[in-house]
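Okay, so subunit A shows up in both of these, paired with subunit B first and subunit C after.
== the complex of A and B ==
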């Protein structure tokens, strides 16, 4: 019987069986093209060549699974023979949910898994929990599998927002979790807004601006120094021209100078997006949400507050084991900047921030779950005891199952 | 003299008279409204709203395997009817799930996040069995990292709306920021909200 690990994120689903190396990433939305008005579920959007003005209908609202009609459509597509080829009756499922998922949504999720799809067993936990389980390798790994450290802070910089979750002996310290609402989606929208005001109107082009953000943006180590450089004579070092796509030749566009056949691809009618200070001013919103008018602390302050909310004896160990996961952890320079900022807030302790390098940070939860299922260490065989089979679900009822998974947090 | 007071019209309450006669700076309520509207726009999934598309029910149609992604063809006899539902065609061999009545009811519900949050906090207020455990909705509401909790927060930074450098000066007519005189002239020519909007 195979085990399917399904990391149900608000941007993409990372899904794959436990015996393969890399999960598939399927967009967790229903997209509609503007010109041809066609509707594509999940990964079918890759078949379309018309990616401008995409309208997304997402099952998630503010990071929580609210619209089941869209989610069922995406799950049907993900489990279909074209993608995963899953037979739910003969599959064990590992499913992720947001930190502090609401009871009503948990009940619906369990109901869908057991009664609608009929999976053989389920283990439902937050994505930070799975990332924490597999964190030993990132924090200490020399190639062999390590157990997760006793005190650990998982910073999940995801699509809907950022959660800072401290873990002690594998269990989340719920009262010390902190959240800030700047995530990948807000960064993309901030970039869209800035660019639309200054250069071309890109307010409807979420897909393209997401690609621009992923390729051009970085986190600066010294904001004012780079701002001066971008303003003054040293512009050339930081300025980047992004060639916007004409969908005949490229789907997402490219950075001028980075594609090998750039001269061939440059036609007279290309539209260029010149980016200079937007490259680093947009990710600054992670550290200063007041830049976008949000009255919340930056990510460094959230980490500091989360650590300070833990027991005093655990704080030094927490500061030394900070793991950053999630899509926006791909931003270059984030790790060093976060380490420097948190160190400035906690000068007495040693701060160590780690971002996974052996795999992409957004896959950390999936990789953590997979590593646990295959590892030989005794901590992971414990995963089996937390699994709930379909028979047990029918026997105990939904509420007791929810209480059971609560203890796994 | 007292007659002059009645002749001179009173300025509307929300204008703040500055030293510059006849000009005014935007007051706090307007700025606050603008800030909140901007933040709401930044947190949306899509920029333009398509309420028709959002409210269209999604039907899983097993038989239309050839028509992946295309809207169903209307019969030639009927007039061009508007698309009433999104038809998602699934795997070649059919749905992997039971498609129960309860599921369809759940999928047809039009709840928003605010509804669910309200019902969760409402439930917790009345439930008395969970006194020892705190509910997820309680944690969700209280776990926001705000600057007031023990961290020093610097005042908000502003950027020039034209070029992105430090926004040191404010346009007196519309409240947007600029960094220098060249940016100010660009602003007044093309983007000043007072003249353009």
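== the complex of A and C ==
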């Protein structure tokens, strides 16, 4: 029987059978176009050319799965023959959820998996757990896939928030988990608002601004130096021109000069979005949420608080194994900056921060689950033991199943 | 998609009566009637949060959704110009907008009344009347 790994993120679903190399990334949303009023579910949005002013309906609220009518539509599309071609009755499912998910949401997740779709079996765990299981490769290098470190801090910089989850011998230290409400979505929205005040009104263009963020934004190593540069003589080094899309020749736009066909695509009518200090001032919200009026500490302090909440004897080992995963970990410079900032807080010793390089950081949970399923280590058989079959669910009922998965963290 | 078929696979007790089997262990006894369809609507996050908070009786120091937020920063908030993003040395006492230089101040003076609140909203500092 094949196993489907479904990392149900609030921005994209990472889904694929465990015997393939790369999962599919499907937008976890229903989009409606502004002009033609057509509805596109999940990956179907790629077929549309009318990407201006998209209206999104997401199954998620602040990172928690609550709107099931939307989620079922996206899952139906993902499992259909056009995408995954999945027969639920003959498939084992590995499903992810956020850390400290609500009972009620867990209950409806199990209900959907077994009663609505009828999957053969289910293993539900937080995405940080799967990322932790597959951390050996990133931290120790090739050939060490099966050796997850004894102490590990997983920093999941996701779409709707950032979770810092320390792991000791593969188990989450629940009392030390920290959450920060800055994630990819906040950064996109902040960039969108900033740009709308300064250049063009982009308030409706979430889709384009997300592309702008992914291509232009970076984490600065020295904020004040770069801010000085940005309005001084060296401005040219930081300023970029983003050519906004006309939806005929390009869908998401591009950075002027970075693409080979730039001059060909530059027409008289193109609109240009100049970006300079926004490029690094926006991701700075990860380190200083107070800049956007949030009463929380930055990601580096959240990591440090989490480590300090662990047992004192584990703290040095925790600081030496910090793994950053999640979509926003793609921001260039995030690893070095986080390492420097945490080192500044740490009393002594070495701080090591790792971001997966062999695959995209947002795929870490998926890759971790896949590695475990294919490795011959004892941990792999442990994964099999945690599985709950459909028969068992129907026999025991949802409460016992929730309690069962509660122990797998 | 075989969503409808899935419901039929769980054998209800009815078939047991017809077949006349005496050994109950051999009959599937799902905890829920397979024909039962709830017509409840899904709750939004706010309702879930409130309900779970009321239902839970965890000790204060037990880690839950409500107490894993990262603690506020002890560092003072940095001040940036609300219009240009440059370091802000001054604050306009009239509108509370932070600004970088006299040049920007000239611009603030030309702002339409009310629009300064939109600038302040960017850093969550606008006055919200409830």
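A few comments on the model shown:
Quick note on the criterion: the second predicted complex is superposed on the first by the 405 of 409 C-alpha atoms of A that agree within 3 Å, B and C clash if a C-alpha of one lies under 4 Å from a C-alpha of the other, contacts with A are read in each partner's own complex, and residues count from 1 in each chain.
Operating definition for what follows: contacts are C-beta pairs under 8 Å (C-beta built on N, C-alpha and C of every residue); 3 or more make two chains touch, one makes a residue touch a chain.
It should be emphasised that the depicted structure is a prediction, and the values quoted were computed from it without experimental measurement.
Aligning the two structures on subunit A places subunit B and subunit C in clashing positions. Residue contacts after overlaying the shared chain place A:394 against subunit C, while subunit B stays out of touching range.
Looking at the shared chain after the overlay, A:336 reaches neither subunit B nor subunit C.
Looking at the shared chain after the overlay, A:290 reaches both subunit B and subunit C. After overlaying the two complexes on the shared chain, residue contacts for A:358 are found with neither subunit B nor subunit C. When the shared chain is aligned, no partner comes close enough to touch A:19: not subunit B, not subunit C.
In the three-chain superposition, subunit C clashes with subunit B only at 27-35, the remaining stretches of 9-17, 27-35 or 81-89 being clear.
Residue overlap on subunit A between the subunit B contacts of one complex and the subunit C contacts of the other covers 61-62, 64, 66-69, 76, 79-80, 87-88, 100, 102-105, 108, 115-118, 164, 174-175, 177-181, 190, 193-194, 197-198, 227, 231, 277-278, 281, 288, 290-297, 301-302, 305.
Those residues of subunit B lying in contact with subunit A across their complex are 35-36, 38-39, 41-48, 50, 53-54, 57-58, 60, 68-71, 86, 88, 90-93, 95-100, 102-103, 106-109, 111-113, 116-117, 119-120, 123, 133-137, 139-140, 143-147, 149-151, 153-157, 159, 161-166, 191. Residues of subunit A that touch subunit B in their complex: 30, 32, 37-41, 44, 47-48, 55-58, 61-62, 64, 66-70, 72-73, 76-77, 79-82, 86-88, 100-105, 108, 111-112, 115-118, 164, 174-175, 177-181, 185-186, 189-190, 192-194, 197-198, 203-204, 206, 227, 230-231, 276-278, 281, 288, 290-297, 301-302, 304-306, 308, 345, 406.
Contact residues on subunit C toward subunit A in their complex (touch as defined above): 1-3, 5-7, 9-10, 28-32, 42-45, 48-49, 51-52, 61, 63-65, 68-75, 77-78, 80, 83-87, 118-119, 122-125. Interface of subunit A with subunit C (complex): residues 61-62, 64, 66-69, 76, 79-80, 87-89, 99-100, 102-105, 108, 115-118, 164, 174-175, 177-181, 190, 193-194, 197-198, 224, 227, 231, 277-278, 281, 288-298, 301-302, 305, 391, 394-397.
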